[in-house]
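Before anything else, here's the structure in question.
In order of appearance the chains are A, B and C, and numbering begins at 1 in each one.
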Amino acid sequence: MAASISPTGQCGRGFLLLFALSFAITLSPSSPAAGEPGALSAIADGLSAWVVAIKVDRSKDIEIPRSRLPFNGRVSPESQGYFKRPKGSVTGLLVDRRGYILTSNYNLLGTIRSIAVRLPSGEERKARVVARDQLDDLALIKVEGDADLVEKKSWRDPPWAKTSPSSAGSFVFAIGRGSAPGRLNLTEGIISAVGRNSSRAMQTDAKLNYGNVGGPLVDLDGKVIGLSGFVGHTYNQWGLNSGIGFATTVETIRMVLPRLLAGKDFELPPRPFLGIQSEPDSPGNDGAPVVEVVPDSSAASAGVKSKDVIIRFNGEDVPNFNRLKFLIFSCKVGDKVEFVVRRGEKEIALSGVLGKFPERR
Amino acid sequence: MRLFVPRIFALLLILSALGAGRRLAADEPASGYTGLYDRISRAVVGITRSDYPRERSRSSITHFGTGTLLDPVGLVLTSPTVVPEGSRNIDVYLHGGRVAPAVLIKVYPDKEVSLLQLKDFRRALPPGKKRLEYLRLGSSAALSVGDPLFSLGNAFGSIQSDDQVVMAAGVLSGIVELKEKHLESVYIGRALESTAALNNGMDGGPLVDARGRMVGLLILNFSQERWLGTAIPIDELKQLIEPHRSWFDDSLERASSLAGLELMNSHEGGKITVLRVSPGGAAASAGLRRGDVLRKFNGRKIESVPDFREVFHAARPGEQVRLEVVRDKTAIFINLTLWGRF
Amino acid sequence: MKYMTRREPQRLQLSVAALRVFLALLVSLSFVPRAPAETFDQVSALRALEKRVKSVVANCKPAFVFIKGDQGAGYSSGSGFCISPDGYVLTNDHVIAGARSVVAYMTGGRYFKAVVVGKDPGGDVALLKLEGKGKFPFVKLGDSQAVRPGQRVLALGDPFLTGSENVFVPGAPANFEPAVSMGIVSAVHRYSETYNDAIQVDLAVNRGNSGGPLITLDGKVVGINGKIETRFALGINTGVGYAVPSNQISRFMKHLEAAEGGAVLHGKIEGLEVGERADEKAGLPVVGVRPGSPAAASGFRAGDLLERLGGLPVRTRTRYKGILGTYPAGDTVAAEILRAGEKLTLKAVLVAGGKAHLGLIPRTIESDVAGVGVGSVVRSSPAQRAGIKEGDIVTMFDGQPVTSTTELKRVMNQRRPGDTVVLRLSRAGADLELKVTLGGK
């Protein structure tokens, strides 16, 4: 090759730059050597200021229905012990400078004698239950003592994420504060599914124990995307790390927290109602056929007629009535909804406001 | 001069491009830990014992578990839940379906350690290999919560049934203080808690870090409060293992002297045997031969490999040492001039 | 500028050329297959992996199927996945075994009726077909032999019905999203009854995951998750799950497609007796070959050393059974043997093992016709497919009169699975002849 590239000409400078860049990439350090604090440890430490250990003393615990145990509870006597609530502390998340802590409602079921919280500083304080949200398995407790837990300068809100993951596969970590003072524990997993509990919760395969339930579920950015719960609440066997775990989404927490902070239990919201009767599963996936329109309902006001087929709801495809029910359930009473029906050959866009599910007589 | 510089420059440019490309390529997400498994799974063994000495068939196996090879000549670390004090008829299953008998050297019940030695490691060698693969010990103190960890072993008998070492992946979940005995495990003290799956038959096996070093000894001590697997930190066990080390290769030692010598404890009356002398090395030049039994080093009796290690490290390069060895039942004296390392 | 001479344009050309080469090198290196590098806990590496996982999940989810079998008193539930645009679905046999009818929901809740096309109870696999128009989203099968311990895998399923039911508020609608779990391959070629060559995985699979896909990070399905082994027999996952490997399924596929709802049989080398491994030799000794048997016809001789079967090394009898367990009756398998120092490859013919099976339960029927009364016919059995009905009386079996169940048993024992026989029946006073292809048990 004719040697005529000058290191000091314009092209030469460009080459030097490229050379330097690639040299730098070549020499850049790869993964941290074992022994250096890993990145996940930093994620756990990043939550340290908000994760607390909660010790609940009970006089009587709730009974777990047999149907929620593996084999309906028909296991050996030695194994029966695995379906009772274990001793030891559980986890909670400080959400407010005044000492309010969010945790799993299941952690606080039974007849409670006293609650003791070990704060990140190591200090132990007594606490009391403020309010509960049974639907989302959340409960708010407050430590007793000074009105402000920390000086105004040093309190920061926990690193809430803007939204919870919108699809399965995201990597998540469940952080807990175990029995040993000062130590955090971490388990890893992915988001198994979103949209659970009528879109109020997510499912994860990160191992949730009795010890870390009630703690934050965080993403790779170290942001809190949910609070773990439902262990023992729905299926007791999930408490044994079968790989089924749930967490209430950050959007749901944001929605219920103000009410809980005001000392009010979160009531099961009234069930939304559109006002049509339809056939259950029908193959063909052509939509939800309207058999009957309930008089004075939202559907009636919107102009839905019998024999209409609802094919879209709030922008989503409606393959059958099952799906339509799920979509309605994910809304609230009073929500304005838009839907499309097929009437004969035509497609008609309609809209209405969801009413309340009528009481059963 | 001007002609050469640009050529060199172009060469450097191409090399750095290759390096950068390789570097960028190496940072892509891996498909997993297949490389790690290939490197270390052969160092994990299945162990069975039969309480019925006369029958040595599959159906007479009364207990099975896992062990880890700690050196290339057959030192195996396991637990008393697998091989308790007084065990005989211990069979070690190695990769490729090879089964080799082992003897129990020592049990430390409080730390759940049992150490075995293969009776004849040569019978356990895969074809074409002269030494066994083994795991190096890592540092449990250096671990952080969230570090990747791997459990390996004989889950539900996978090694003796299917010649498969099972590996599960997880992270260090936390450090726990075990305060009472659970199931068969009696260990009380600090333990590593990890999310790597742990099942029956994996007790006695290794918890390994991402670099393939053993950082914990797996124990099955599940309780209601603790459903994650635990392991005894390796740092707590190192000083128990060291006195029973039965292999010495001076090329791996950080001694100032060099002799080109490999020794092992054949565990028959405490004999320290020369396994190999490097051709052209100091030991070879001095006339030491494979098979020689080492008795004394400068008059000092050598009864274990740690004994030899101690005197070897104390010796200085250039020093001439007097070895008493037994060859063909005769005592011979050998003068060995030690070389130095740079 | 100082060096601007007539040679400058040449320099520029060379510079540009060299620049192109450099960039081409960098770009092409990104296509170089990478030596597997361990993923350490480096956030950037995890992020890249996360992106890949989400992409695989998004691509495979649409092909996932929630399966419900009507068992009369209740439903059996499980998972499945679509493997072709015309709606063929794979699942475990135990998910649909005994079901009167099967329905399926795809991710998002689209509902379809399903037909059982073929079953492989011996391997716990079933092939269904969804009834519906249009193209179905589907996933492809990968190469299960290429799967290695340590490899990352994903599973899609419906553990504890968390996707097909709303477990939070009874009666509230479900969102029909399958649950994804992630883990690694723990071991391969694991042997047990029906799971003769299983892939062992440590990811979370529980009741409800059965029939679902085991997926590698290239988006291919390498197995069907179907079984777990648990600590303390508590029945919930403790990190040991087993999957039927895709290569086994592929071998059975054409048989399943042609089974018309019936069962497909596994193959064996009839007449071959192998001993346990002799210590030093890598292979199994052939201890005996029955004269006139398919093994003899395939060329086996006593004294042969069987080294490889189907291209895979055979070191133990367990592994021999394991490899064979992945082949259907009617196929052939390459057997590499050592005979008197010479290496030979035989083509071993596989026939159905086990006893011939008809599928009818006898009952005494008052009649002046001598024969075996049919009390009931087993669903999807050879008898049912042939058209035998409750109340029929079997009078002849391949030309031989049968007057008692003992006699029927005797003639059945002389037959092998897969044999076609002609049965003469008496039905409501009239005689009829039916052809039956015997199944296996």
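Basically, a contact is a pair of C-beta atoms (placed from the backbone, for glycine too) under 8 Å apart; a residue touches a chain by one contact, two chains touch by 3 or more.
This is a predicted model, so every value here is computed, not measured.
S.K.: Which chain is in the middle, if each chain's centre is the mean of its C-alpha atoms?
M.R.: Of all chains shown, the one whose C-alpha centre lies nearest the global C-alpha mean is C.
S.K.: Taking contacts as defined above, which has more of them, A-B or B-C?
M.R.: If we tally the C-beta pairs in contact for A-B and B-C, the bigger total goes to B-C.
S.K.: State, to the nearest whole Å, the distance from the C-alpha centre of chain A to the C-alpha centre of chain C.
M.R.: So the centre of chain A lies 36 Å away from the centre of chain C.
S.K.: What's the distance between the Cα centroids of chain A and chain B, rounded to whole Å?
M.R.: 44
S.K.: Starting from the mean Cα coordinates of chain B and chain C, work out the distance between those two points in Å.
M.R.: Averaging C-alpha atoms per chain gives centres 39 Å apart.
S.K.: Of all the residues in chain A, which ones touch at least 2 other chains?
M.R.: 1, 4-6, 15, 18, 22, 34, 38-41, 82, 240-241
S.K.: Which chain B residues touch at least two other chains?
M.R.: 10, 13, 17, 20, 22, 24, 26-27, 146-147, 171, 210
S.K.: Where in chain C do residues touch two or more of the other chains?
M.R.: Residues 18, 22, 26, 38-41, 45, 49, 232, 238 of chain C each touch two or more of the other chains.
S.K.: Can you tell me which positions in chain C touch chain B when the two form their complex?
M.R.: Touch list, chain C to chain B: 18, 21-22, 25-26, 28-30, 32, 34-41, 44-45, 48-49, 52, 148-152, 183-191, 200, 202, 216-217, 229, 231-232, 238-240, 277, 315-316, 318-319, 322.
S.K.: Across the complex, what residues on chain B touch chain C?
M.R.: 10, 13-14, 17-18, 20-22, 24-38, 41, 96-97, 146-148, 155-156, 158, 161-169, 171, 196-200, 210, 222
S.K.: Tell me, which parts of chain B touch chain A in their complex?
M.R.: Result: residues 2-7, 9-10, 12-13, 16-17, 19-20, 22-24, 26-27, 138-139, 142-147, 170-177, 193, 195, 209-211, 213, 223-228 of chain B touch chain A.
S.K.: Residue numbers of chain C touching chain A in their complex, please.
M.R.: Where chain C meets chain A, its residues are 3, 7, 10-12, 14-15, 18-19, 22, 26, 38-43, 45-47, 49-50, 53-58, 61, 103, 105, 108-113, 131-132, 159-160, 162-163, 166-169, 172-182, 203-206, 232-238.
S.K.: Touching chain C in the complex: which residues of chain A?
M.R.: Residues in contact with chain C: 1-2, 4-6, 9, 11, 14-15, 18, 22, 31-32, 34, 38-41, 70-71, 75-76, 79, 82, 135, 167-171, 189-199, 201, 203, 205, 220, 230, 234-235, 237-238, 240-244, 281-285, 317, 319-320, 322-323, 325-326, 329.
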